[in-house]
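What follows is a single structure, and I will ask about it in a moment.
In this document, chain identifiers A, B, C, D and E correspond to the written order of the chains, with residue numbering beginning at 1 in each.
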Amino acid sequence: MIIYILPEILTFLMAVFFLLSAFKKISMETLHKTGMFFSIINILIILFTINLNGLFFYGTYKIDFFSQSIKFILAVGLFFIIFMADKRIENTIKKNYGEFLFFLFSSNLGMMMLSSALEFITLFLSLELSSYTMFVLVGFLKNKKISAEAGIKYLFIGAVASALTLYGYSIIFSYFGDTSLQAMRIGSMFMMKDVILYIGFIFFLTAFFFKLAILPFSFWAPDVYQGASTNVTAYIATVSKVAGVAVLLRIFVYFFPIFADQEKILILISILTMTFGNLVAVQQKELKRLLAYSSIAQAGYMLVGLVMFNKSGMSSTLFYVTAYLVMNFTVFLVIDQVEKEKGSTELTALKGLSQRAPLLSLSLLLALLSLGGVPPFVGFTGKWFIFSSAINKGYLTLVLIAFLNSVISVYYYLLVARQAYLFMPDEKEKMKVTVPVRVYSYFSIVFIIVMGFYPAPLLNWAEKAIRYLVG
Amino acid sequence: MSENIKLATWIVLCPFISLLLIGAITRSYKKLSALVAILAISISTILATILYFKNLYGLTPQVHYFEWLITDYFSLKFGILVDSLSIGMIMVVCIVSLLVHIYSWGYMEGEAGLSRYYAWLSLFSWAMLVFVVSPTLLQAFFGWELVGAASFLLIGFWYYKPEAAQAARKAFVMTRFGDFGFFVGLLILLVVVGNVDFHVLNKLGTNMGVSPKLITMTALFIFMGIMGKSAQFPLHAWLPDAMEGPTPVSALIHAATMVAAGIYLIARAFGFFSASPFAMEFIAAVGILTSFVAATIALVQNDVKKIMAYSTISQLGLMVAALGAGGYKAGVFHLFSHAFFKALLFLCAGSLIHHFHTNDMWEMAEKGGVRKMKITITTLIIGSLALAGCPPFAGFFSKDAILVAFEMNGKHTFMYITLLISFLTTYYSFRMIFVLLSPEKEHSHSHGHEGDHHGHGHDSPANMTIPLIILAVFSVLFGFVDTPLMNGYFDKFLLNKHEVEHLHWSVMIKSFVVFLAGISFAYVQFAGKTGYREGFAEKIGWLKALLVNKYYVDDFYFILVRGLVYPFASILNWIDRKVINDTGVNGSGNIVIFSGRFISSLMNGLLQRYLGTSLVILFILVFLWQLI
Amino acid sequence: MAGSLFPYLLLSLILISLGLIGILVRRNLIIMLICIELVLNGVSINLLALNKFSVNGSAMGQILAIFIVALAAAETTIALGLIFLIFRHYKEIDAEKLTELKG
Amino acid sequence: MFSDVIFIIFWLVIVVFAALAVFLQKPIYNAFSMAISIFSVAGMYIFLGYEFLAALQVLVYVGAISVAIIFVIMLSPPVTVKPKKLNPFKVLIGIVTALTFFGLFFILFYQKYAGSKFGNVVNANINEVGTVLATKYAVPFEIISVILLVAILGAIVLAKKED
Amino acid sequence: MNFPILSSILIVPTLGVLLILFCKPEQKTAIRVISVISTGITLLLAIFLMIAYDRQAGGYQFMEFIPWIPQWGINYILAVDGLSIPLVFLNAIAIFTGVLASWYIEDRTKEFYALLIFLATGVFGVFMTQDLFFFAIFYEVAVLPMYLLIAIWGSGKNREYAAFKLTLMLFFGSAFVMGGILYLYKAAGLNTFNLMELKRLAQYPKEVQKILFLLFFIGFGSIVPSFPMHTWSPEGHACAPTAVSMLHAGVLMKLGGYGLLRIAIPLLPSGLHDWALLMMALSMCNIVYGAFTAIAQDDMKFMVGFSSVSHMGMVLFGISTMTLTGINGAAFQMFAHGLVTALYFSSIGVMYNKTHTRMISELGGIANVMPRAAFFFAIAGMAGLGLPGFAPFVAELMVFIAGVSKYPIYGIIAVISVVVTAFYIIRCIQRTYFGETNPRWKDMKDATNFEVVPLIILVIALFVFGMYPRLVLDLMQMETKNIIAKLALM
């Protein structure tokens, strides 16, 4: 039995190890190396347990291919984040690097549990665990005024969202009596649907919308992305999105009967989110804030896939969110390198990057274009699958609006790429790029182009995961 | 492929081969490319003469096609048509072209772009021959356009001269405007009839399928093209300006061949045109009007080439009128004879200009020494006599044929107008002769006197004068072709009509009297010792102004382009920039930007505003959801 | 009175609305924190009342209530930590001053 | 009859003190009124029959959370928050949203549960809750421990004075 | 003979791009040599394709089929038929001459050539693929590099604005195309993106065809610059470097026309019937409006831009007549106009490299200083205004025949554009090339032999296909026949 939940246990032990390391004066480099080493072990263990299958703790905790693959992505994401937080990180984090890693690992633990929780209380608590750790991580840059402000905003909006979710759930719970999602699905089959249940369900979704930064609760994203340090923002933007999608996938699978014919509201939410994200992103002058709005828009596209309540919709969303992780992380990596070099994350900081770091600017360009949904890259293929599953349900206008949105997104992504390519840099000498960053850039370029042109491997994996999820 | 067709194909191909050779290989060696061009055109001429002598007494039309373009309900064919009319025209084109090629050897000595010049001449000859042998209206249009392009290139040969460039542009655009009519007529025929072969077109009047109204419309459209190319009244303004080009070019293109293309086309499609009486009336009227207008303007011209240009327009008007009146043989006969003596006149003018380096006849007169140029002046006089219609010369017989045609077809008023025009023609041609021959002021006025000292009079080199002599011979002898002397050979050749026509003495006498009146009137005004400077037209104030300004046609076009076309274009451009681009495209772009700016100003960082908006949106969604 | 369900639901509704007003109106961060506690209390009353009424007091409802209390505690500690940080930077804990990040 | 009177008293105390907690100006009074309101919520639980939860409520909420809040209020120097005028637009939005929330659910609940009475239901007593907690909900139990650990550590890290 | 010729036409340029990316920016000559070789090989392959195509059999040949994503019905299908071979050939010529014409690019040649050949690969893909998914991919790959090419290497001060406008309007158009393709996929219900199968089996109800055709018309119309969406094309032309505007006007605009003929019309014949009148009206605007606006232009490239707007209007006009001649003429016009515009831009480019200005008012008497460049522009002008003996005349003839037979009055109005085109082209030739030489350009050198090579290739191609158009027309005829068959049975 232990082997099944080995990844969770190991992550917790690693987190505790880093907690203890805070007491001994261990240098930052060793901590960084051990962090990298631990996350690699984590990945291997998950790979080892990828094909296991089982139901534990009286049916509240499911280990299957879907949950294990989500954990694998989370572990890989964590590895990327730690490898990005190298020695040139802000010194407030460097001072208590042990706690920083502790919070990262515990947040990752929360997300892992989130993906295999089958019952509301476990699900909600692991969601709260990952949110609370992120509240602290956002506020980690103690010497900066804006990170405290971002932290407090993040916390309050999170608190209100979770309070509303609990209220929504209390109403739903009174109908079904049992907290496990399976009971809800069976209960809802033959139960006359009245208005309170539906309203309760919408309120129930607010915490998950908050997690994915979907419209009603997405206003925190710009301030938090800008306020937090770039590593933490990268973590929030990529890994927590994957977890959010995983939990929504699971919820929508079980809540399908209730929502069979009521997805109009969710489509409206996704359109609003897309348009809001894209329209405001056009204005932004600061990179991280721009990426915040772009991630809101991307969340809108993902919601379209989720809301289709059919296998193809869900598998394409999973495909898209994985691709999104790689694309977004590449962009954040480049921003991080530029911020470490220039100290500012303004749009103009990227000026003349193509002269000073051709590889980085190429990977940035490809990632941005792929985020914008430009064909040969993986972003387009992801959108293509999502929108073809949407159109299979006959939502032509939704698809047209989505495509027009991605046209607007191409505009502001090109605004960023233009800084790198069209302007001459101030300093002449080449930017020094460490080997791991270079390796990652090559990986991301290959991933974006190959998966864009020949998406079969990633798509088959996504479909297999969804089969396990639904099956 | 019958013998004739093979010959005809080779005649057409020779200039094309020379064009390719010059273009590809001999571009940089001027002399060599000149030789290649002359060689090619001489081969064509020899073959043409062989073709002619093989079919001395005319032949039934032989046609050979090859598929050029297949579309669903008809196939567009190219090919070679050989019949008496086309043989005659080939002969004329080849002979004149050959002589002009030889003449240019001398005239264009030392020109920078000589190989380019000969390339364009070969292009022109090829295009003209393609046009002449074309069995279908489409191929005619094909040759027609190429001829227009060649004339543009040749007029603009000295492109560094702004006036030449302006003239070339005007010529091309105006003929192109005419071609628009031709193209529309062609399109309608292609769509309605489907097959535009000439023998089909000529029999169009008979087949019931096609409504007469339609024939008239297409005939008028095609005639619009002819008006452009053969410089009929409204669209004639480009021909006088086209004199900017080298004189051999003017001789070949703007006297003998290109401008005659329109006449040839009417002759070729005579059956089609005569199918609609209204069209024939219109053509005749336009012809006679052009002829009269051009003749009057020629009275006041001082530039030697301009006089010739207006006389060409006037003679073309006559031919068009003749054909319009139904005189098929008359029009064609005058076309051939006019080609020879007008080419002769132009080449003489060319040798004068070459010698005196000025176009103005008064300056030539002052410089004196015109008499020294023995051959040039004698051939000039022969040419003028032919043009004026003096009995033994070609002009007399061809103009007489036209007068007879008017007579026969009952167009008496036209006949009298033609007589008036031939009076004017005689007057202005001999006005030029007498001005040139008039002695200088200070010397004794007897016009045979040698002794003008400063004229270094020697004639143009051999290669310029020989063509003059040949053309002079043609101008003299060609007239007799139609007379009983050679028992109506021309009728037999052209229409293979065998009975010999008796001479119409009454018409001949009238035209001779008019010729005498004209020449004496000119003599009195110019050749006399007083040596007046103005003719009768220049004396009358308003007439002089009208004629010098060429009936204000040029100004009309100037106003049309400046006042109408440019403003319309700039309005459209303004619409494109402001309306479609700035408001339409940028407008939608700005909507996106401003709405984005508005929302981002909403997000002003206040935590409680975020929470407020989130909850408001949430409740709105919930209420909205209950309603939909 | 005590036996009927509606007063409890009414009470929870009042508590939640008061909490919401407090969060959206009051500028002092700590008061907002207090209001969040009120909202959470309202939610747990509603949960427990419905649990007793329709699910006749099953253990799951109570356990969820327990966890809500625990979560509230954790949330408050982190909130106070952050408020302390804000206080150090801004010298006052007024929500309307936190406009450094905007646009 | 007697228990109804006490019920109403408790009910009113909660509402009144909750309102005071929100609208009073001095933060220390807010904290106290919150504590009292939450204390009487514990009383409500007893009426509902959840004795353990009432105890928990008193211990954790009143004992820990409100004490922590009061502690923070006392620690931070009494900064005199000038009673700046609340901007009316924000107040309007706040009140409108709260009222719509209240009205929406009030109507819904009124239609569904107007006169419904509790049957003589015996809540799951403490050892039943304990067994379910230890067996079925073991995983959440572990998670909440991690959350509390994270919360404590977070507060320390954030509030620690850098040397 | 199962040598995968079509995939090799795609792979050779991509290899070229990769090779270029791997060599250092300093090795400019190496980069240029690689790009010439790769495009040269592609041209040879295209010529081989033209010859090896079995004309009697007709239909799809050289088919390559690899199942790509079976569950979505996407497979990698490359096949060519009468309609796409000439366009592939045109693209091969355009990119080859484009690469030759951009020998002068000095800064960042590596990225320039990589992007240029990448663009051409996209266009090859569009013309060859029979799968809608790949069509969508290649369609936007052809548009993607445009932004960088114009913004970095372009000329003129508002080139960035032009680059943005061009890219966004083309993406806007492609959004509708994508929506159309997806709805096509759904409405057919066969769960396949394979165009051939859709053509055989798909039955679309009338009103679906109506909406779908409108989507495709807006999408493809925005890249064939049909009237309201055309403002990007003149500005894009003007600011783009020579090779890019050659490719852009020469080939990119044909994607729209090709898309209509390949996807929209065979699958949605009744849609065409419904929208034919609108298409005709807009193309009328295109033709006449484009021609007249060109008169008022002072910048040569703007003028050529508007003239290509007017000529591309003829393509739509031909299609809207729904007759065999019309559609044949439209297809041939795409081919012919590609050659002419390529010649236009390369000859302007040759002059622009030396004078660095395209304003007609500033130029004068260039022919005295650069006779060769003047000669080639004159040839391009002559071909452009529809002089017989060059390819565009044939196309215009067929389009006008169909136009006059279907809509007599409008046909004749369209023919007016022939005169107007002659007017502004000859005026441009006269004002820039003839007349006295502007003192500024006294010491200009003429076009070197190397610069003239691409021009000669294009002139020969124009002349050959002008004199004997059946080389290409018979190919196109087969495809247009079965389009008309589909239209007829409507």
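A few points about this structure:
Assume a contact is a pair of C-beta atoms (placed from the backbone, for glycine too) under 8 Å apart; a residue touches a chain by one contact, two chains touch by 3 or more.
Just so it is clear, the model here is predicted, and its values are computed rather than measured.
Listing every chain that touches chain C and chain D alike gives A, B.
Both chain D and chain E are touched by A, B. In terms of the distance between Cα centroids, chain A is separated most widely from B. Farthest chain from chain D (centres taken as the mean of C-alpha atoms): B. With centres computed from CA atoms alone, E is the chain lying nearest the middle of all the protein shown. Mean C-alpha positions place chain B and chain D at a centre distance of 104 Å.
Chain A and chain E, compared by their mean Cα positions, are separated by 42 Å. Averaged Cα coordinates give chain A a centre that lies 32 Å from the centre of chain D. Between the CA-based centres of chain B and chain C the separation comes to 98 Å, rounded to the whole angstrom. Residues of chain A found to touch two or more other chains are 121, 125, 128, 132, 135-136, 139, 142, 151-153, 156, 160, 195, 199, 222-223, 283-284. Residues of chain D in contact with two or more other chains: 90, 93-94, 97, 101, 104, 109, 137, 140, 144, 147, 150-151, 154, 157-158. Residue positions 16, 19-20, 23-25, 27, 53, 58, 60, 63, 67, 71, 74-75, 78, 81-83, 85, 98, 100-103 of chain C are each in touch with at least two other chains. Pairs of chains in mutual contact: A-B, A-C, A-D, A-E, B-C, B-D, B-E, C-D. Across the complex, chain B meets chain C through its residues 600, 603-608, 611-612, 615. On chain D, the positions that touch chain B within their shared complex are 90, 93-94, 96-97, 100-101, 104. Of all residues in chain E, only 68-69, 71-72, 111, 133, 136-141, 144, 147-148, 151-152, 160, 164, 167-168, 171-172, 175-176, 178-179, 182-183, 185-186, 211, 215 touch chain A in the complex they form.
Contact residues on chain D toward chain C in their complex (touch as defined above): 3-4, 7-8, 11, 14-15, 18-19, 21-22, 27, 30-31, 34, 37-38, 41, 44-45, 47-50, 52-53, 56-57, 60-61, 64-66, 68-69, 72-73, 76, 79, 81, 84, 86, 90-91, 93-95, 97-99, 101-102, 105-106, 109-110, 113-119, 121-124, 128-129, 132-133, 137, 140, 144, 147-148, 150-152, 154-159.
Taken together, the chain C residues at the contact with chain A in this complex read 16, 19, 23, 29, 32, 36, 39-40, 42-43, 46-47, 50-51, 53-55, 58, 60-61, 63-64, 67-68, 71, 74-75, 78-79, 81-83, 85-86, 88-90, 98, 100-103.
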